[in-house]
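The structures come next, written out as structure tokens.
Common to both upcoming complexes is chain A, partnered first by chain B, then by chain C.
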Partner chain A sequence: MFLMNDENKKRSYKAQKVIDRLGKKLNRQMVGSLAACVHCGMCTDSCHYVLANPGDPTYAPAYKADKIRKIFKRHYDWTGSVLPSWVGAKSVFTDEELEELKDTAFGKCTNCRRCTINCPMGVDFATFNRMTRGLLVHVGIMPEGVEYVSKEQWEIGNQMGVLKEQYLETLEWQEEELQGEVNNPKAKIPIDKMNANIVYTINPREIKHDPRSILDAAKIFYAAKENWTMPSEGWDMTNFGLFSGDDDLGGAVAGRVYEKVEELKGKKLVMSECGHGYRSTRCEGPNWAKKDIKFEAESSVITMLNYIKEGKIHVDKSKNDSSYTFHDSCNNARSCGLTEEPRELLNYVVGDFREMYPNRAENFCCTGGGGAMSMSEYRPRRLQSAIVKAKQLEATGTKYVVTSCHNCVDGLNDVIKHYNLDMKVTQLVNLVSNALVI
Partner chain B sequence: MSDKVQIKNKTLSVKQCDITDTEIDAFVFYARNDLKLGSGFGNAIALRGGPTVRKELENLGPVNVTDAVITTAGGMKAKKIIHAVGPKFQEQDTVKKLKLTILNALKVAESNGVEKIAFPPMGSGFYGVPLDESAKITTETIAEYLKNGSEIKEVVICANDNRELKPLQEQLKKLSN
Partner chain C sequence: MSNLLHFSEHTLQEIALVFMATIYFLRVRWLLKWTAAKERQPATGMGDTNPKKGSRYSLANILMPWVMESTRTKPLMYLQFVLFHLGVVASIGLSFIIPYAPGLLKSTTVQGILQFCIGAAFVVGIMRIIRRVSNVYVRAISSPDDYFSLILLTAWFGFAFYSVPNDASQGEGILLTYFFVTAFFLMYVPFSKISHYLYYPMTRHYLGKTLGRRGVFPLRRSPAYGNK
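Let's look at the complex of A and B:
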């Protein structure tokens, strides 16, 4: 009666590797989350996929979690070894089953952590979904886009494969723009300046698609008479390791940023507006990189807010004369508690700010989180789930949605286009720069 | 930490550099079986080298794991590229295959008159060979090859960052003892 019914089944090489590595990834927090679910269903309606697909139970967080939980129970929990069918323990045998797991871990969850904060038992599904992704990536099972972006960041040093010469040329071009806008040929975007107060790091999207945000930040630093610099390397503060579940990538990327700040003897690392970059570089990175960082690290939202409060820059909110709502990035709000500072800053630079509901830690994902923007095969599913976000945006009645995250900018733009909303996306850096009184 | 060893009048060294932006006879690109350049260093080859490399590869692939082929490097600072198809993502017999891939890359280089060649820490990073293991296999296999007599005069292992450089330096120190 205690015989395990699957013990003689042949297992694929990759499936065995996944099981072995799962054992190495278990820590107290992970085991707690894997063991604690009582299937009460209280997290179900917190997931935007569930709300957009009410008839489909495969989107429920607990259902998705059970896909990896059953493997954990079968191999690493004594109840599952002895009474597998009683506790829902089941092993994994084939590469096809691993592909199914991929479809769930990458294609049915944006790791937004909304279910996590709504679980009374403290089950952090998003964290072990990330672990599941990492197990699959380790054996080469991942969406093509994840493969593409991970390799860019491993080998070129940034998520978008921006070469050093392209990065430096863009900064040079933005420096010329800055000189024109502030009417001062001596205005600079300093590169690799030693002993600066601020080492400013960015999202590679700013080089590729949104150099205006670099110019806006440079203008703010100029107005504040800041002693600042941008690094020639280690400038990408985003981290695809957070999305792919690859802690080694996470450590390598964060380590490059930290080492450059140390090499330049910078006093403070400031990260431009990016939720996952902020979470990775400020919170998770030191663990992944196994490194103590001895300098301060802050979001540019805090830097800009302090400039206004300390009178280092002056702003005129009448320059931003439209209507604005604010979208909290999942990583900023749910994982880093960065909810009040962006609102305080926004209220300094716009006159008509209207909250979106729900907001702060309860806000819904832009649907582009967890690296979803790079996984084109899941785009239809993502956009279908985005009906939740679209309704939230529309209900605000504003012309602009402001966010503090480059990833959310892309996610929100996709939602707005797909659902034909009459809205534009902007970031705090753009609004602060526009409101500057120089 | 050691950055250089002499092996039978040949030099094996490690340094932090961008392998796709280095003046050298040839560098090794850890390639895919279909020889498509893909992202990462492949993207750098496409951007810095221009369309020539991709065109040359069209007639050479697909190839098997451990195989190596050579192309020109288009407009890059290097003259040639050795596309070496190493093992990926914990596949079976990774160590054996990795050694063979490095040896095949060296042989292809030598038979094409390459005297100075750059390697990355083979298989580490995206393809998941643990860094210490990669550093050990890469340095030892190259050192062994040079010891057995070779026309190749200089091998440089290019590390992307300090994290990669340190284990390579440690391995070099062991070799020089």
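Let's look at the complex of A and C:
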């Protein structure tokens, strides 16, 4: 009964490819995580999907993890080869089974890493869930949105298919706005300036939906008298490779940004507020691109904070006179340790700050993480799981939720709308710019 | 002492231990055959931690139930964890004390400590079996090995508890069963999830190393969060 002989069963081409590629993607960290789970269930309540769907075990982190763990055990762990079903090892044979795996890897997990930090064994499910996504993407099994956005980033160079002319025109428009706001016709948004101290990269969402944040950043650089520039290419610091699990895409996108900074001989790469962009470009990018970066790289949160601390800009917190809470982006908090600087900065620019609980690395996902915003088929599921976030937001009693992530801005706006909360979302760059004393 | 009991206390245990060590050696070799992913990213975070500090924190995590939400909010589960593992140590220790240092068991204090640890672990074992069967989340992730390992350990605690006095005057049945089950346990462990302690240092070290470099470990919590 436990000595299952399934080797003669016919396997689809894609299923075989997934199994073969899994072997190539495994490393010691991954194998440790795959082998170490003791099925204790301690991670269960850490997942917002579980909390929002009580009684449904298919959302439990270990249950989801077992979907790929079974395949690993069957093919790469010899205890699973000896007595497969005794230790829960099981192979994959059909494309339908791969579709089911897709539903779990993309539709039931935002790779938020909250279960990871709550596992006593140190099992990093979020990391191997990303690997699972990558295996599926490699055989063309992925949500339509993931395919679309990945294609845009491969072919056009950014996630939202923004053409170069559109990008440059938007910058030009924001430059005019800047000149009006600071009352100086010489104020500039420099493009491709050589030897700048700062090369500023953004999220394409800023071009498409939120050009105000580019203007706000430009205003801050202007006030600080910074020698800065924006690149004409390689300006998208977001990276869909993080979400799709495609390391090749991740490496190519991050590589484009790094190459442009090097070409411009920039001293420092600064990334606008975006959790996954920061994580991808600052942390994972060098691994994916297999490249050691020689220049400094930091989040604009740190840049703005340093401007204030060094007296390069002056702010008046009374200009932001509402009540504010802060939402930590999963990628910033659980993967990059960016939790204190935003709070320090907030304390400079707002008077009424109220902490959200839980917070920092224990905060809950906005539910739009892991590329979930691009997967419309899972929207109802996502919004249902968002009840956890909605309750967290509501309990703060504030009028604004501040976040350092464009993806979270969209995720939180969805939550606020769906649960009819009396709240608005804003970013630090907007608050700092508003508080500027020029 | 009968020849069979002598055999079970000595030769059988030695064979089982050698077998276990051999499989563990192969297992560790298998684990190390996978190359560790190289990390190129420059450090992030506040600069007050590093990969070494992160790794140390991560490894010591198990001794700090307050640092993880999962253990902080379920103190009873943590207590169960502690008692269960103390019971394992005591039961294993007993299999060495009886053949090699039986004099220790003349002390009623030693007997009392061992029986407390093992008895408490037995009770926790029963609670864990009930949880594994009745908790919908845990049941859904349980494999036959999960059930068998737990039942095996719990039964083993039971036999160990009664073997503590090391008294064969009323018959050797309990001691024989305890030593035969111990031998089976030792040989089964490397193939089962019970061998998780082999992976623990590795998974926690690598996670800590990465999250230390990223400034995430040690985890930060706002002072006000302490009592939440």
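Just so we're on the same page, the second predicted complex is superposed on the first by the 434 of 438 C-alpha atoms of A that agree within 3 Å, B and C clash if a C-alpha of one lies under 4 Å from a C-alpha of the other, contacts with A are read in each partner's own complex, and residues count from 1 in each chain.
Here is the rule we go by: contacts are C-beta pairs under 8 Å (C-beta built on N, C-alpha and C of every residue); 3 or more make two chains touch, one makes a residue touch a chain.
Because the structure is predicted, anything quoted here is derived from the model rather than measured.
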Given the alignment on chain A, is it a clash or a fit between chain B and chain C? fit
Report for A:N434: first if it touches chain B alone, second if chain C alone, otherwise both or neither. neither
For A:K17, decide between first (touching chain B), second (touching chain C), both and neither. first
Across chain A, the partner (chain B or chain C) reaching more residues is C
Considering only touches as defined above, state whether A:T94 meets chain B (first), chain C (second), both or neither. neither
Which partner does A:H39 reach: the first (chain B), the second (chain C), both, or neither? second
First (chain B), second (chain C), both or neither touched by A:N227: neither
Touched partner set for A:H138, first chain B, second chain C, both or neither: first
Once both structures are overlaid, what angle do chain B and chain C make about chain A, taking C-alpha centres and a multiple of 10 degrees? 120
Name the contact category of A:Q384: first (chain B only), second (chain C only), both, or neither. neither
Mind working out whether A:K151 is in touch with chain B, chain C, both or neither, as first, second, both or neither? first
Report the closest approach of chain B and chain C over their C-alpha atoms in the superposed model, as a whole number of Å. 19
Which chain A residues lie in the overlap of the chain B contact set and the chain C contact set? none
In the complex, chain B residues that touch chain A: 18, 21, 38-44, 47-48, 88-92, 125-126, 128, 160-163
Contacts from chain A onto chain C in the complex sit at residues 2, 26-33, 35-46, 50, 55, 57-58, 60, 62-63, 66, 78-79, 82-83, 85-88, 116-124, 282-287, 290-293, 297, 333-341, 355, 357-362
Going by the contact rule set out above, which residues of chain A touch chain B in the complex? 13, 17, 138-140, 147-152, 154-157, 161, 163-164, 249, 251-252, 255-256, 259
Inside the complex, what are the residues of chain C that reach chain A? 30-32, 34-42, 44-46, 49, 58, 61-62, 68-71, 73-74, 77, 81, 135-146, 148, 191-193, 196, 199-200, 202-204, 206-208, 210-211, 214-216, 219-222, 224-225, 228
